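These notes open a run of structures that come right after.
Each of the next two complexes has chain A plus one other chain: chain B in the first, chain C in the second.
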Partner chain A sequence: MQIDYAAVAPELVLTGALCIVLVVDLVLPDNRKGLIMPVSLLGVAGTLLALLALAGDPTRTTLGGMFVVDSFAVTLKILFCVAALLTLAMSYDYLRKEGIHQGEFYFLLLCSLLGMLTIASSRDLLPIFVSLELVSVPAFVLAGLQKIDVKSNEAALKFFLFSILSTAVMLFGMSLIYGITGTTNLAEIAVRLAATPVLRSIAVLSVFFVVVGFGFKISAFPFQWWVPDTYEGSPVPVAAFLSVASKTAGFVGLLQIMFIAFHGLADVWRPFIAAVAILTMTFGNLVALTQRHIVRLLAYSSIGQAGYILLPLAVVNVNGGSVNHEAFAASIAYLLIYAFMEMGAFSVAVAYGREGGYFIDDYAGLGYRAPGLAVVMTVFLFSLAGIPPLAGWAAKLFIFRAVIDGHEYWLAVAMAVNTVIALFYYAKVVRRMFFEPAGDGPLGVKVPLLLQATIAVSTVMVLLVGILPDLAAHLARMSTLV
Partner chain B sequence: MPKGYFGEYLTLAFFAGMMLLLVAGTLGLNKLVSPKVHRDEKYLTYECGVDPVGGGWSQTQIRYYLFGLLFVVFDVEAVFLFPWAVVFDKLGTAAFVEMVIFIGILALGLAYAWRKKVLEWL
Partner chain C sequence: MDFLAHWGLTLSVFLPIVGAALIAFTPKEQEKTIKFLSLAFTFLPLVVGVLLLRVYHIGMTGMQLETNRSWIPSIGARYHVGIDGISLPLLELTLLVTFLCAIYSLKWLPEPHNPKGFLALMLLLETGMAGTFIALDLVLFFIFWELVLVPMYFMIGLWGGPRREYAAIKFFLYTLFGSVFMLLGFLALYFRASPHTFDVLQLQRIGPSLPSGIQNLIFLGMGIGFAIKVPMWPFHTWLPDAHTEAPTVGSVLLAAILLKMGTYGFLRISIPIMPHAARTYAPLIGALAVIAIVYAALNCLAQTDLKRLIAFSSVGHMGFVMLGIATLTQIGVNAAVFGMVAHGVITGMLFFIAGSIHERYHTREIPQLGGMALRLPILGGLLAFTAIASLGLPGLAGFWGEVLALLSSYNPLSALSSHTFRVYMVAGGIGTVLTAGYLLWMIQRVNLGKVPAQWEGKKLVDVQPLEMVAWAPLLLLTLGLGLFPRLIFDVTTHSVIGLTKLLGG
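For the complex of A and B:
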């Protein structure tokens, strides 16, 4: 079998970087472990360069049709690399301050990133499954990296147990599909499912199991119970990475399977997805109202956001066409935008958490103590809430339009109601920052340079995409997948 | 085969029902037909084995786990090496280079364990 090495170049570069990071970790003495961070940063940057070299190329297919590099794959891989870079920059100072083991952290982060890169290219059930595991397994260890902290242990254990359960359910579904179609290739599955209507009942069963399995990964209701505890217990940069990159990887797998392999059965799963999406956003937003810890608030908010991203799936048409294309593009555009606002909010939480604290009460008077930090936090929170002219508004608009185009008006109404509920708890944090007297916290918060860079990049992206929403919409529409 | 929208969800309901029935049925049947003899021996850890010594709560040396992980390194290596060796002369140099890289990565894992003093029994 001939392998197109140019197509897998980014993965090869990252694998090389991984090995180098591990070796550097082995030879460095304990007090110099910080040096691994620039090495990892260079590795991800190299991967990014290899990806940019692939951008704009015609579609490449290799490894027997399992591995496809098209504009969809390249766009998402770039997003994953950028998310990893932001996480690296965010964690450097955090790890040193909290005294967390550094060598393994960077190695595991890059391992997880490798899984994300391969899932964006996988057009076959087997590589999707392997990539998803490659994303999750290092993440279990990352979540439990604060070995002596009970909460970190709890985070890792909950994440691990829920994840392997979901994997088992998903595998069961996948095995059923293989059983009735005799293939694992996504496009081929769609063809054979259409050709064998007799086995439709088993196909319905397998779709259900696959959706449930992915439901855990993307934290959809009622499979979201692990999310708040895991995010709160794990190191905060890891929580950011989980909520952005890991969740996006889950969505990438789910969207590919649903849009390529299962769209012929859309009549069956559409109402189910609609119910899950609405329940997810309602649950996330309602429970977020009562949160007092900023990471838990962001965790519940990210559950709510997952509901929005899932919503376009509920208008998928059996026969394909422009409705599907728009729905797919809306979800992808939301994922692209969501990454930056979530990363930004988490990096401000890390920046303030160094001196102030992680409870929302600690944020009282932040607008007086550290105006810059308070302003950017407001930008990210309002963007998450979907207030114009910020990027989150454009993202919500895309979803809204896709749902309206699909003539599912009640879904649009439910989404609008949820947006209003969500605004309430985001605005609560903002009010606390600007309209409440400062406690006895520090005056002027020192933010390390790398963290400043993370915040700056996220802010610029949120503002830029807010003013020029076509940037994200264009990237998402380029995809020829649907 | 039921038709219509709800008919298709009937499969799910049927599956869930069968699942519940299977669990409830086997457990219930067991409860109904199994003979119940209450003797002291019944309550031992090993009903027809050696009498247990000490408490049930004992700790296992964590090193066994690490050795288990290391075993996987060599296990995976063997799984790929044997089929590769069988058709070695039909594959080109590319396959040879790929296998060298693969073994190199595994060797890196071993080197890592070595360096972290996993191989020494303290």
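For the complex of A and C:
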């Protein structure tokens, strides 16, 4: 079998970097472990360069059609790399301060990233499954890295157990599909499912199993129970990575399977997805209202956001066409924008967490003690809430647009109501920061340089895409698979 | 001149946001620089606004000074702006009132003292408000519309009265609730139109031929957004809180300009694009309008807080505007636009005065005031003048909007039931009597009578020169528009005729 090495170059670069990180960790003395960060950063940057070299090329297919590099794959891989870069920059000072095993951390993070890269190229159930595991397994360990912290242990254990269970269900679903169709190739599955209407009921069952599996990864209701505890217990940069990159990886797998392999059964699963999406956003937003811990608030908010991203799947048309294209593009555009606003909010949480700001109560008066930090936090929160002219607004517009294009007016109304509920808790944090007098906390918050960089990048992207939404919309439309 | 014709509108709308950015990068200790910047960047847009009058052709129907550029091609939204006779007066009003607020803020800034934040937000607000009146693309309109929310939220929540946090979040949530439905309406309109477009002018050609069921549904969705902003009864409950708690400048801008965004939305978007639905809903809108008039007047009679009284009176005055719009006639819509401008001028002025009274007495409770004409004759005189203008005395600006709105409901669009509207007219007429009642009673309690013992021997300063400078344009307009209503009607009539033609009037 011929391998197109250009197509897998980014993955090869990253694998190389992984090995180097592992070796460097072995040879470095304990007090110099921080150096692994720049090495990892270079590795991801190299991967990013290799990806950019692939951008704009015609589609490449290799490894017997399992591995495809098209604009969809390249766009999402770039997004994963950027998310990883931001996470790395966010982690450096955090890990040194918390005394977390730095060598292991960076190695595991890059492993997880490798899984994300391959899932974006997988057009076959097998590599999708393997990639998804590669994303998750290192993440279990990452979540539990603060070994002596009970909450971190709980985070890892919950994450692990839920993940294993859902993976088993998903794998069962996949095996059923293989049993019916005799193939694991996504496009081929669609063809054979259409040709064998007799086994439709089993096909539907397997679709449900697969969706359940992904529901865990993307934290959809009712598979979201692990999220708040895991995010809270994990090191905060890990929570950021999980909520952005890992969730996006789940969506990437789900979108590929639903749009390519299962769209022929859309009539059956559409109402189910619609219900899951609405329940997910409603649950996330309602529970977020009661949160007092900032990371838990962001966790529930990210559940709400997952509901929005899922919603366009509820308008998928059996016969394909422009509605599917728009729905796919809307989800991708939301993922692109979501990454930056979520990373930004988590960066601020990391920055202020250094000074002991874990609870929303701690944010009281931040607007007076550290106005800059409070203003950018406001930008991220209002962007998540969907207030124009910030990027999150454009993201919601694309979702609304796709849903209304599919004539699902009630779903759009449900999401609109959710947007209003969500504003309440985002504004709650903003209110604490600005409307309450500065407490006894110290004046000014020292933000390390690298963290400043992640915040700056996120802010610029949120503002830029907010004013010129076409940057995200155009990219998303280029990067659909239907 | 050519540059002005193409980019003048854009300039007048975006200059304030430039000013806001400059202020954001000025250290907060340099208060003089900050105040100068706020003054300069509200004055420059006003200058541009006045120059625009020279290139604007008053006798022409249709949009002028248009700019239409590509913006978000992948969803079909464009940067399309322009003005006609309906938006021009509102744009000029926005530019003027914000400049006056900047003058007022030179000396009087609300507590906690933070000119940097306050003035930057005010400039941001100006961009949102002015932009709403020139946007001719639904997505662009929506952005400007929402741009207003955040600055106003902070203005109320940071610099407001005792119940500021409650008022701020209530304002925010209410308006957002309305605007998400408005957005859904916009999107539904987009997909129903063929070819798909967000362009208001194109939609005005395509929209009327949409099936009536669809029109009714979309009109309702958008209507919620606009009605909350106006605010129409029963969506008005955010307003008394927001107005009362907001700092003086915030109340002035809310009353003078923000409320007009709602009525403007009806005139620019809902009615011309969906004339069938407009005819269907007109009786309902009219009914809600007269309920608002009477309800607000009764509420005003019960108020003891001066600012809250003025706030409720806004509900009533906007009721007259909506009644004029609901008739769907040339006279009614003209009256509505006139009423919008007049209300902006008069109620803006009333909120300035209420702010100044609070500045001096540190209370706005009407029973605790009294005898103000004795202690502060100029301020008392201005309050009486403005309140009388507000109740619609002939010769002052408040008269034309109200009387023509009532007059037009005697004879609404032929498709509407004239019986119904005549009932509205009578109810509205009773409302005017009540309005006169509560305003005169307010003047009596505040201005006349004995000075309460607690103010004896206290030093109270009458109107200061800077206040006079900030207020003079509004006072002159109150008189000028009252005596020469043609100043507005000449500008509006042609565009209003264009609008009512779409309705089959």
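Criterion: the second predicted complex is superposed on the first by the 480 of 482 C-alpha atoms of A that agree within 3 Å, B and C clash if a C-alpha of one lies under 4 Å from a C-alpha of the other, contacts with A are read in each partner's own complex, and residues count from 1 in each chain.
By our rule, a residue touches a chain if its C-beta (ideal position, glycine included) is under 8 Å from a C-beta of that chain, and two chains touch if they have at least 3 such contacts.
Since this is a predicted model, take the numbers as computed values, not measurements.
K.L.:
Report for A:205: first if it touches chain B alone, second if chain C alone, otherwise both or neither.
P.N.:
The first partner, chain B, only.
K.L.:
Is A:435 touching anything from chain B or chain C once the two structures are fitted on A? First, second, both or neither.
P.N.:
In the superposition, A:435 touches chain C alone.
K.L.:
Chain B or chain C: which reaches more residues on chain A?
P.N.:
C
K.L.:
Taking the superposition as given, does A:218 touch the first partner, chain B, the second, chain C, both, or neither?
P.N.:
Neither chain B nor chain C is touched by A:218.
K.L.:
With both complexes overlaid on chain A, does A:401 touch chain B (first), chain C (second), both or neither?
P.N.:
The answer is second: A:401 touches chain C but not chain B.
K.L.:
Is A:477 contacted by the first partner chain B, the second partner chain C, both or neither?
P.N.:
Once the two structures are laid over each other on A, A:477 reaches chain C alone.
K.L.:
On chain A, what residues does chain B touch that chain C touches as well?
P.N.:
Shared contact residues on chain A: none.
K.L.:
Note which residues of chain A are touching chain C in the complex, please.
P.N.:
382, 387-389, 393, 397-398, 400-401, 404-405, 409, 412-413, 416-417, 419-420, 423-424, 427, 431, 434-435, 468-470, 473-474, 477
K.L.:
Given the complex with chain B, which residues does chain A contribute to the contact?
P.N.:
Touch list, chain A to chain B: 15, 19, 22-23, 26, 198, 200-202, 204-205, 208, 267-268.
K.L.:
Touching residues of chain C toward chain A in the complex: what are they?
P.N.:
It comes out as residues 71-75, 139, 142-143, 146-147, 149-150, 153-154, 157-158, 164-165, 168-169, 172-173, 176-177, 180-181, 183-184, 187-188, 190-191.
K.L.:
Residue numbers of chain B touching chain A in their complex, please.
P.N.:
Counting only chain B, the residues touching chain A are 1, 5, 8-9, 11-12, 15, 104-105, 108, 111-112, 115.
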